[in-house]
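See the structures that follow.
Same chain, two partners: subunit A is paired with subunit B first, then with subunit C.
After this line comes the complex of A and B, so read on.
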């Protein structure tokens, strides 16, 4: 299971490493198909299903990057919490979705492609110019180290995240209370 | 053991057949148990004590027609049962049946089980939505709100045990409890926390939550199979229904295993390791414990009447969550003191 050892010799398909590579390809396929479905689906719930598939694939990437903690968090938070919340919102707000929205602006297609191309260019440029760190674990990479760093050197970030969540909860309460008749 | 393709495939086949056999024979045990508690024999026509009933039921399920109602979203409708079965299978990867019978002792084993349980509740939503049946959808929303409500005390209780044992790895957690029955986490006196009176109570919280998480009576509001429509899987027939069923029983085994590892010492012998065969730490004790817990599940199911949806949600939000939060604080304080 040492990744460095398998870089030079391409493993045969009928070995454990070959199977590992196959699973890696499956993860790539999951991420791409999920993203494609999410972008092109004409029903909201299908798009959400695409997002779930895409996130699962990304979690697989985290696992292959020697970071099982991030992989599990990806599934637990993004699939388990965020997607379930979104689907609750969809089901409670709009159970019968019209298949297509009305006629769209003639400019929206080209503009959309332009924005997508710009984002792609920026991401690609970023990826090419970044000095990538070597492929090994930083500070052990264990859950214990992540926990210690989160509560010591990165405690500011950690607290800020909880502030964001607090604001989200207050916002949700404000919106929910606004709908009720004030007696 | 070298990691060859053959070993990997063998392990996967063993895991899947363990899950499948468990699902089949837990249905048999469920029906026999129901018979026991209702003073009737239960299934007894096929084979000795009805032991051939599960394979016959399986063949029946597999040969039925797979009906897809008109107007459903086909792709999503077919994906949902697979999505219900898949997370249950993945969770078996990290469950330590004994110190060497474990597929992969991943460092974040507890997290893995919770993460994939969350994926399971996604499958309920997808199934309910894609059926285009408002009863299915209402029941799936109920089932998910129940799952979300009981996930919270379940996780908080698990965190207290993780804090005591200092590891998220299920093997490590079980390995701390090998000194006989008094070392199990269920007792109030632990080496690291001194005397924590709430330990047995948090075991109860975990147990109630795992009953609720697996959608079983008295918390089976999502399906209520004996008097309401079957809930989120109303529109599923044949193996679509079969996969939901298998996923449910696989989840029961996972819940019982988690309870065993966290509180009942995993594969440890209650008398400590005495050195001769049945009284050593071995996989037999683990299986004995999980099947005892499953027996209690069945016992509860056929003894208690169903609660209401308000009673169900109140129990979690008003009682279990405050208790488990208080226990978390108390455990943290005791860990600092001792």
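After this line comes the complex of A and C, so read on.
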């Protein structure tokens, strides 16, 4: 039914596989709790803390998906850089908490929940009912392979993404600087 | 298969990616402030990245391609967060609010 690499269908709790499964369950709990807080918390600072917890759990997922490198990058870029930037923006641009912090009108909460539930149901149903066919692996996917790919097959994309980042940084400085003298 | 073995199956990751994406959609629809919407968009990106990494691990012939794609998603997300937050700060300077309901100057 499902592609799986090395299936040990029923590990005991006190074996290495069982403890691995337990850690995975903890990661799932972290991710879902954090994501739920991030999507629903009243105060933005709490939502940000939820996002930090959620991204740490996602880094754990990457570790389980055979990619410690991406787990490291996830912690470094998302938790370390993006979340800190967002916290600075919250400090600069949302000083006082509003009293009216709920949804815009009565309908948007239930309608948003309905839309989200429909999307989740459709995608999860699709994932469960499709018969996924794995291909034979032709490479290992190590950090060395990633580096070689980045500098050979994907060098153009690599250059372009550097350019995009540079332009984004310059644009962010220009946009955030404008109007400082007037205020 | 017991619940302790679910990390060995592709479907688990796909379902949790979909769950994160749906949480992001819910946050994006119900949030009132620009920064809150940005946080929800980051959640959606995380769900998408989990999908890429899961397919990369279980199905793809060359397992480095999905990792590179996820790396690029992270870079674009960083650029998007920088631009979005600077726009939020600029809007706050101009209007003294980041509430999406009050930003109606371009409304017809």
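Note that in this section the second predicted complex is superposed on the first by the 140 of 183 C-alpha atoms of A that agree within 3 Å, B and C clash if a C-alpha of one lies under 4 Å from a C-alpha of the other, contacts with A are read in each partner's own complex, and residues count from 1 in each chain.
Methods note: a residue touches a chain if its C-beta (ideal position, glycine included) is under 8 Å from a C-beta of that chain, and two chains touch if they have at least 3 such contacts.
The structure presented is a predicted model; accordingly, all values stated were derived computationally and were not measured.
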More subunit A residues in contact [subunit B versus subunit C]: C
First, second, both or neither for A:66, with subunit B first and subunit C second: second
Partner chain in contact with A:29 - subunit B first, subunit C second, else both or neither: neither
Subunit B versus subunit C as contact partner of A:89, first or second or both or neither: second
Touched partner set for A:18, first subunit B, second subunit C, both or neither: both
Which superposed partner A:80 touches (first subunit B, second subunit C, both, neither): first
Subunit B versus subunit C as contact partner of A:151, first or second or both or neither: neither
Touching both subunit C and subunit B, counted on subunit A across the two superposed complexes: 18, 69, 73, 81, 88, 92, 142
Residues of subunit A that touch subunit B when the two form their complex: 1, 14-16, 18-19, 43, 45-46, 49, 52, 56, 68-69, 72-73, 75-76, 79-81, 83-84, 87-88, 91-92, 95, 142-143
In the complex with subunit A, residue positions of subunit C that touch it: 1-11, 13-27, 29-30, 32-33, 35-36, 38-40, 42-43, 46, 49-50, 53-54, 56-65, 67-68, 70-72, 74-83, 85-94, 98-101
Residue ranges of subunit B touching subunit A (in the complex, touch as defined): 3-5, 7-8, 73, 75-76, 79, 106-108, 111-112, 114-119, 121-122, 125-126, 129-130, 137, 141, 144, 148, 168
Sites on subunit A touched by subunit C in the complex: 2-11, 13, 17-18, 20-22, 24-25, 28, 31-32, 35-36, 38-40, 44, 47-48, 51, 54-55, 58, 61-62, 64-67, 69-70, 73-74, 77-78, 81-82, 85-86, 88-90, 92-94, 98, 100-104, 108-109, 111-113, 115-117, 119-120, 123-124, 127-128, 132-142, 145-146, 149-150, 154, 157, 161, 164-165, 167-169, 171-173, 175-176, 178-180, 183
